[in-house]
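Both complexes below contain subunit A, partnered by subunit B and then by subunit C.
So, the complex of A and B:
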């Protein structure tokens, strides 16, 4: 109960936990609105100009089924695509869903781990932009519970 | 039945009291002259596993009524363990008034309990497991304990789990894992593990990165695993891997504050990697998992992970008399669950040939305290553990006309006393008590002792609270807990039962999605709950931060002292939609 109230009070209004920008023309500088968008698709549209994505196993997203702590959910993202240009993490249940964009320079190993804040149960999407500008997506639902009674 | 000869058949009729024969169970031996021979089984194969789980620190023989409601839906509809009462008897062909019927169902419970007496008790268990080990060959037998061993009794709390560490050392457990073990403090847990003669294994507990950076200890700093993930054991001429799977939702269902450095989860990918690594590197003859996932979670894990021969599971306290096969990408994994409270020992004999498990026999053996003599050494040890507290433990607090029990998806009668006590003593509109699956039974006509009360409340976060809660929040709480129990995805089920409520009734449709299951919230007066009104709620066992009130056993002790005798207990159960034909509920016992 407490956790949800805590998050509901606005501590999760900005879910950005990391922002890695490499190179001069970053998504962030070109598309500042993306990070302030209030829906995942609006953020995608602003950042990449499209919401059209390919669902395959090229984008890899590792998250728990149930968050131990909605305030710091561990996430690992990676891709098997060569020369991917960027990776973006969207938390659909958050007030501002776009959490992180990693812009990948040549030779970067496309695998990152971080913590994200999740306001409530919902989908997390990893979008990977490949060398041709096509978007690949992986989706996983994470449950944020008010506290169980397991036993 | 055709494979049994007439003498075996007569034996089973006379002792089991039924013609039950579970798939792949052991054959009983011939020449049965007395009741002790109940435990003589035909040995099979070349390696034996004894499995105990969720004993909840019950050193003494107990009564434990199996559930009258344990609902399953979709793919688990009508499948073990979601078959209870008369449905269970029919499914397995057992008669109601047999020993097996008594041990595995709630039917005719009181009469059967008087006839067959208490079950479990470590002195009785030791006699049985020593017999099963000696009979098969000590060098070929492994004793596995699935956890929830250090918690559940007064003495386990008073000694911070140490009485049970010594008890399982005496019992001769070889490998174990945990859940409620993690409700002591990190330092205490590590000390207790050091004092164990068995291997404590858990592949799914990791030291958090932050803690590692601050110098916290890990079993393996590279993987971050907090404990040894598996152990290789020699069994006769064979080598067997035993992997540990601790309760994956410990840090969600129980407080994180006692174990701030550790992170849990089901970790199926890590399990697969580990199984593959063990298969390649160690070349074992068999791969076993000792798991505290819970039955339905184990079944899903058996589906998504390949290469495991058997999952010996616990947590959900299901007495399932057969090993259930689950298909996966590379073969079949069998899933076992061996009940709770020391009521059962699972006996699994496997036949290993050419680095493979060729065949097996499994029998879920009830521990009948009237059939098994006590082991003198264990008896003496238990007396020593209890001696300093014995006056307090045996003190009668009240008497009861009602059968008292907890286990079941919804309110049990002992929970009702706890809920009634919280409301009355604390002057609350509504009370809540967690849906734990531990907690022993008290027969009508018996005294409720302090021991009995502690068997339902003994834990490291027993503090009570009263707080003002909005009607809408009551709904949210019920929805959240119901989703932990009835979520369609087993990996999202935490293995507890529904939160028990006092002064609050509701309707539940378990098949709906979260937010839509609970309707028609009412006070016991019949007044509808107003989403915007504030109600005074009393409860205990807070997972977040410690509450300020007295431990709940003090609340209940006062209530029992005030009332002196429990009679006409009104069980507050919800109206459940869509379960009329569900074999997971014994409707004949579920009327109120």
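So, the complex of A and C:
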């Protein structure tokens, strides 16, 4: 291989690497502190740089009114916003309220289900980051009969 | 460890249900003496593109259940589920869409 071609290849590789780094930017990699925050608002501030949110129906949160077992509470999060960037689930009554973040990409239908642990009765918040970086929130109170943070 | 999956395609939309065997331990049991061990990143790829990108914590229940859907899939396509936990352990599994 000629020296000039070899150099060109090197630059091409660098460009690809740079693109990949940008593509994989996530709240987890850029704001790891948010996951260790001990209050819901601190987690929000660490993750998104603000606690100012829009309360509307763009963020949707489905949870039971009463959870008999705080160790496994079924939750479904979704948004009607096109091109939303991320979704974050905050459980205010937990020692570390930031429970999950999802990074959204093209082709992914932004509706996810999982099961979460809740230590005690309290609010669960879903924060959706829209294409302009604005935050939309849905809040739901869940009564927990038996807490589930052990384990 | 282990990943169980049901993945079905209908009208180019794939619906994926996963059950991942993992303790998801917060390390707070018995006065905080246990060891924290939980999945902190889980992705699903379809033909090289990421179709699911989740950053869980120990607030996700033991043996996590995950459900999601994505567009642009065909029967017979393969998706790759990968996770990593806070101790550096990871697992990868290919699943065929039905």
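Please note the rule applied: the second predicted complex is superposed on the first by the 122 of 151 C-alpha atoms of A that agree within 3 Å, B and C clash if a C-alpha of one lies under 4 Å from a C-alpha of the other, contacts with A are read in each partner's own complex, and residues count from 1 in each chain.
Here is the rule we go by: contacts are C-beta pairs under 8 Å (C-beta built on N, C-alpha and C of every residue); 3 or more make two chains touch, one makes a residue touch a chain.
The structure presented is a predicted model; accordingly, all values stated were derived computationally and were not measured.
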Subunit B versus subunit C as contact partner of A:39, first or second or both or neither: neither
Subunit B versus subunit C as contact partner of A:95, first or second or both or neither: second
Touching partner for A:117 - first (subunit B), second (subunit C), both, neither: second
Partner chain(s) touched by A:105 [first = subunit B, second = subunit C, both, neither]: second
Broader residue contact with subunit A after superposition on the shared chain, subunit B or subunit C: C
Touching partner for A:30 - first (subunit B), second (subunit C), both, neither: neither
Which superposed partner A:145 touches (first subunit B, second subunit C, both, neither): first
Which of subunit B and subunit C A:64 touches, first, second, both or neither: first
Subunit B and subunit C footprints on subunit A, overlapping residues: 148-151
Of subunit A, residues touching subunit C in the complex: 26-28, 35, 71-73, 91, 94-96, 98-109, 111-117, 148-151
Subunit B residues within the subunit A interface of the complex: 180, 247, 249-254, 256, 263-266, 269, 434-438, 473, 476-477, 480-481, 483-484, 489, 491-492, 494-497, 499, 514, 541, 543-545
Residue numbers on subunit A that touch subunit B, as the complex places them: 1-4, 62, 64-69, 74, 121, 143, 145-151
Touch list for subunit C against partner subunit A, complex: 13, 23-26, 28-30, 40-41, 46, 49-62, 64-72
